[in-house]
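Two complexes, one shared chain (chain A), two partners (chain B, chain C).
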Partner chain A sequence: MNFIERVNKIFDDRFLNNGSSYLLDLRKRNLDKFNKIGLPTLKHEEWKYTNLAFLNDLDFNLLPFISSTEAVNALKNINFLNETECIVIPILNGVVEKHLGNFEDLITIAKFQEKIDEDGSNRLNLFNHFFEASNPFSYLNLALFNDGVYLSVKPNVELEFPIVLFYYYESEYTGLSNTLNLIEIPENVKADIIILFVNNSQEKVIANEMTNLHISKHANVELNFVQIDLKNMFLINNLNVISESESNFKTNVFSFNTNFVRNNINYDFNGEHSTTFLNGIYFVDDGNFVDNHTLVMHSKPHCMSDENFKGILDGNGRAVFNGKIYVARNAQKTNAYQSNKNLLLSNSARINTKPQLEIYADDVKCTHGATAGFLDQDMLFYIISRGISKEKAKSLLLNSFVSENLEKVGSNELRNYLKELVARKLHLEDIFFCSSIEELTKVSL
Partner chain B sequence: MEILRIENLKVGIDGKEIIKGLNLTINAGEVHAIMGPNGTGKSTLANVLAGKPGYEVLEGKILFLGKDLLELEPEERARQGLFLAFQYPVEIPGVTNANFMKTAVNEVRKYRNLEPLDAFDFLQMMKERASLVGLDVSYLNRNVNEGFSGGEKKRNEIFQLAMLEPTLAILDETDSGLDIDALKIVANGVNSLRSSDRSFLVITHYQRLLNYLTPDFVHVMYDGKIVLSGGSELAHELESKGYDWLKNGNNGKK
Partner chain C sequence: MAENDILKEITEQEYKYGFVSLIEQEYAPKGLNEDIIRFIWEKKQEPPFMLEWRLKAYRYWKTMKEPRWAKVHYPPIDYQDIHYYAAPKSFKEKPKSLDEVDPEILRTFEKLGIPLRERERLAGVAVDAVLDSVSVATTFKEKLEELGIIFCSISEAIRNHPDLVQKYLGSVVPYTDNFFAALNSAVFSDGSFVYVPKGVRCPMELSTYFRINASETGQFERTLIIADEGSYVSYLEGCTAPIRDENQLHAAVVELIALKDAEIKYSTVQNWYPGDKEGKGGIYNFVTKRGICLGENSKISWTQVETGSAITWKYPSCILKGDNSVGEFYSIAVTNNYQQADTGTKMIHLGKNTKSRIVSKGIAAGHSNNSYRGLVQISRKAEGARNFSQCDSLLLGDKCGAHTFPYIEVNNNNSIVEHEATTSKISDEILFYCNQRGISKEDAIGLIVNGFSREVLNQLPMEFAVEAQKLLAVSLEGSVG
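For the complex of A and B:
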């Protein structure tokens, strides 16, 4: 059996006689679309550098249900979550665990499928234009999703603590997960969301997760993705965002030491005078692969988007960046910026980077730039000439390269966690942490 | 005691000979100035001494504290007490001056089998040395040279010199791009670091730095060689006569 055949078998076995007629209809429609396109090959423009052929060789089923004990232990190891007050919503092998309900009447957390049964299809329809042929995995997700989070916040509330969607995977066989989340942020809300992936599986996990986010007028949302040490995992992470006028959105995507990650990040301005920032850092080494595919649709005038992805590639690590900016005919006074910079540390590392601008308006400012290069030899020599070893000098420069994007994380705890992680990866702990110098200088200033 | 001895040094870049047989000896505690027009190989000499890649030593030898300098990696030269104040200091975003200096000082100390300095002592040392060149302590928490003015960058070089306490400090055009106030601050900083066990090699195009920093010896470099050597009065003579004086056939004679 190939991938498509297995997907269809899972559908027949697990979903054909389950759920409401509305859900079944939604699943069937999307499965048909997925079947029609099939698993993308390298001939598929949006998948040109991302080989999925290995999926045909995997024998998989839906992931098993698991208890939360292991997940709770895994959570304890993520220190920024212990240091900060936050609401954690565990999603265990794709199933949303506990924590459902209202929090101080500020936040509503429910199961997505219950929400969709209540209110019909309206809520998802908004995102329909993102579910399209260039990404058949969105169809797959809608056909096979087993669970998902519905999240909303009371209007006019500024949340002081982050909401964490904690994806945890653990399986003794090769398994598939499709989670479908819907997050609705009402007017004047300020919210900080962290989506964290942890894989503790001995066997391979194929995770095709999707989050649809609607941001209302005057709302501010920051969404951070943390994808760290994802071995044995094929993660297809889909984010679709629609924002109304005068809203602000920022996402930071961190991918370190990941076997296979494809981020599909789609953003649409549905109102004027809004801003969005899409940032990312990826570190790939031997056996690692990261593909960031972004789409920013300037459908309305007077909006600003700024995109900045940085990558460090070592060993035989590979990465892909594809950033598309679309400016509609009426989207005058658009400002759109895009940058993708890469540092290559070995001769066998590879980056395929492609900016795509499709501009139909005539009064816009759009810039884009992509670079792939090696460490600056003058900078390296400057550091070495102070008695610092070549290895350490290199690490300092790599740290310096990514620090710009690390500083963009809003939450202090998450930012420090990521900084420390980078420092550890570069063997610079003794410089940036355990150092009371910084503390002392701060105190004495 | 002899700190540096350069014998018949010839250096090329991309097959072109830049330094064409240079001799120079510096003893402990001495301040030597090398002057000369642009393009005569002054900065090449500084870079070769510090070990910058890209230069080819064609002939000659360099002894630093009696050892073959050219056999040492640049970081080893620094650890053994050689320091270069850069003409164009580099910006390093994401690394604070404090962390940069802590790393460098402790690597040097490790090499000399000394314990790392504790945080409190280190901070005291940084504050004291920063004040030598009039750098506010707030600079210590700023990223290395990032957003610094030309003058601040040069002062930061002298601050680093003060922190690393070298045996031989090479100042490559440290005066370039400085206004008169900044020049005085830098020169005073250097003067306060002069001692009987520290030598300086000051490379400059103009004489004005030497007004504040009286050298023991002045050498004039022209077309890859030292063509004239003398005391500090030579700098004044050059200033009044100009470098054309050299080009008009006075090579080697005073």
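For the complex of A and C:
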């Protein structure tokens, strides 16, 4: 059986006689679309550098239900979550658990299925233009989603604590997970969301997760993806964002040593005078693969987007970057920037990058840049000539290369956690990191 | 002048070369089948290996589908509704000297600004003039022969130098390469052939002028340039076609081969009929151009100024196989009205310390779409490779589009690849700055566009730079940012 046949079997076994007729109809429609396109091959433009053929060889079923004890233990190991007050929503093998933390007066948390056709209109309709043939996994998700989070915040609230969606996987057999989340941020809200992936599975996990985020007027949202040491895991992480006027959105994607990650990040400006920042850092080493696919759609005038992805590639690691900026005909006064920089440390590392502009409006400023190279020998020499070992000098340079994007993380706790991780990766534990000028002066005193 | 008036003025620019010459033509029957290919082969009096090769290409072509990945839109082409061969009737055999050429044909080229006779006297540029499917005249042949340089039409080369042709034809662009290359390999009728022997520096610019005259025909020319060890050649190409409501297909293949220490400079000023301001008519320019730097220290440089054609679909590429070889690509693509251009380059780095440089300038006006599509590929063994790419787009008017699709593939850790792209309009600040200094809006735009494209224009040989600059001025006169 190949991937498509298995998917259809799972659908027949598990979903055909289940759920409301509304859901069944949605599932069927999307399964048809998925079947029609099939598993993308290297001939699909958007999957040109991402080989999925191995999925056909995997024998998988839906992931089993698990209890939360293991997940709670895993949570304790992530120290930044212990240091800060936050609300955690565990998603165990794709099933949403009751959240940890108590802020119910400010936040609504529910199961996605309960909310989808609550008021007669499909809340996902807004996102329909993101579910398209170039990404058949969005169809797969809509066809097979098991569970999902619906999240909303009271209007005019500035949340002082982050909301954490904690994906935890554990399975004794090869399993598939499809989670469908909807996050609605009302007007004047400031929110910080962290989406964290932890895999503790002995067998392979195929996770095709999707988050749809709607940002209302004057809202300010930061969303951080933390994908660290994901072994035995094929993660297809889809994020679709629509923002209304005068809103701010920032997303940071951190993929360190992941077996296989594909991030599909789609962003659409649905109002004027909004800004968005998309940043990311990826480290790949032996056997690692990261593919970042971003689409920024400037559908409305007077918006600004700035995208910056940086990668360090070692061993036989591979990375792919595909960034597309689309400026619609009437989206005048658009400013869109994009940059993708890569450092290759080994001769067998590979990078494929494709920064792409599609522009139909004339009064715009759009730039993109992409580089691939190695460490600057002059800089290295400068540091070595000051008595620092070559290894340390390399680490220092690499650290400075990625720190630009690390600094962009809003939450202090998360930023320090990531910095520590990076330092450990680069063997820089003994170097003291100063987060501010004041701290630096204190040290020298 | 009000913005609207100025815009109107550019969109209503006349195409200067749109006349039709009344020359008695001989056609192959419409359609494409093995008999037509035999007909062309017979007409051309080619050796048997060519027939075999053409038929192989045709049979392969029949199994292929027309590619649809480019960012261009056009109605399906009926490949059976085209004459694959058209030649002036007076051409039973190629004339020995200019005196034998039909005066009407000479007048045609004179009207196009390519007076074949005058060129002969002026010395400096040797011209091969191709009308529809045949080469009508090649100047300066004798003088070049003294140096051992072969410059003739490809049909003559097939007859007189079959060994060279058989060795190199299809070695860079095999007939299996793509749909249009396969079609061209099956039916190509003429084009130019250049061979520069070891250590010879070609003393003059070699040039081919392509002219489509007959209607309902396609032009399928094939150019093959071989630069032997340590030689140098600069080659120019120009093209025009009459104004017609129908779309005509032009599918050419150009192959360049640079051996050790050789250098080839290939320049194109492409000015096919672009269609009228409603987008009716015009040439479909689907061209495969590729060069290979076979030997060490060789260099291939492509320069192109693309102003014509309803649709341009063309990626002059370099395969950098020899160590230390260099590939360059300089391009200006101008689109106006409903023109569509999807052009760029491929730089395939295979040898050590290979270098490539891409400078692409796109200018879009009217309702046109202008895309840059490029690939920079550094193979694992291409140690110390270096690439720099820059593609800038200028948008004139709010109905046009500019797009970039750069593909960058790096497979080792000691190469440096840089890519940057910008898209903008002519900013009001710059215009104001010029106005303030007493330069009219018109002139200011000319100045800015000229400055924008200077980097590429500088690469053109003198004789062409003037023509290209004029062409730019005509295409964009009165543009408003």
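Heads up, the rule we're going with is that the second predicted complex is superposed on the first by the 425 of 445 C-alpha atoms of A that agree within 3 Å, B and C clash if a C-alpha of one lies under 4 Å from a C-alpha of the other, contacts with A are read in each partner's own complex, and residues count from 1 in each chain.
The rule is simple: contacts are C-beta pairs under 8 Å (C-beta built on N, C-alpha and C of every residue); 3 or more make two chains touch, one makes a residue touch a chain.
Nothing here was measured: the structure is a model prediction, and the numbers come from that model.
Colleague: Is A:302 touching the first partner chain B, the second partner chain C, both, or neither of them?
Modeller: Neither chain B nor chain C is touched by A:302.
Colleague: Look at A:123 in the shared chain and tell me whether it touches chain B only, chain C only, both, or neither; answer first, second, both or neither.
Modeller: Neither chain B nor chain C is touched by A:123.
Colleague: Would you check which partner chain A:392 touches, where first means chain B only, second means chain C only, and both and neither mean what they say?
Modeller: Touch status of A:392: first partner only.
Colleague: Contacts for A:6 in the overlay, against chain B (first) and chain C (second): which applies, first, second, both or neither?
Modeller: Neither: A:6 stays clear of chain B and chain C.
Colleague: Looking at the overlay, what does A:154 touch: chain B (first), chain C (second), both, or neither?
Modeller: neither
Colleague: Per the contact definition in the header, classify A:365: touching chain B only (first), chain C only (second), both, or neither.
Modeller: A:365 contacts chain C only, not chain B.
Colleague: Going by the contact rule set out at the top, does A:404 touch chain B (first), chain C (second), both, or neither?
Modeller: Only chain B; A:404 stays clear of chain C.
Colleague: Tell me the contact category for A:384 with respect to chain B and chain C: first, second, both or neither.
Modeller: First partner only, chain B.
Colleague: After overlaying the two complexes on chain A, where does the chain B footprint on chain A coincide with the chain C footprint?
Modeller: In chain A, no position sits in both the chain B and chain C interfaces.
Colleague: Under the stated contact criterion, what part of chain C meets chain A in this complex?
Modeller: Per the stated touch rule, the residues are 69, 378, 380, 393, 395-425, 481.
Colleague: Quick one: in the complex, what on chain A touches chain C?
Modeller: Counting only chain A, the residues touching chain C are 45, 49, 313, 329, 332, 342, 344-374.
Colleague: Contact residues on chain B for chain A in the complex?
Modeller: Going through chain B, the ones touching chain A are 50-53, 73-75, 77-79, 83-84, 86, 89-90, 92-96, 98-100, 102-104, 107-108, 111, 119-120, 122-123, 126-127, 137-138, 140-141, 143, 160, 164.
Colleague: Note which residues of chain A are touching chain B in the complex, please.
Modeller: Going by the criterion above, the answer is residues 376-379, 381-390, 392-393, 396-397, 399-404, 406, 431-432, 435-442, 444-445.
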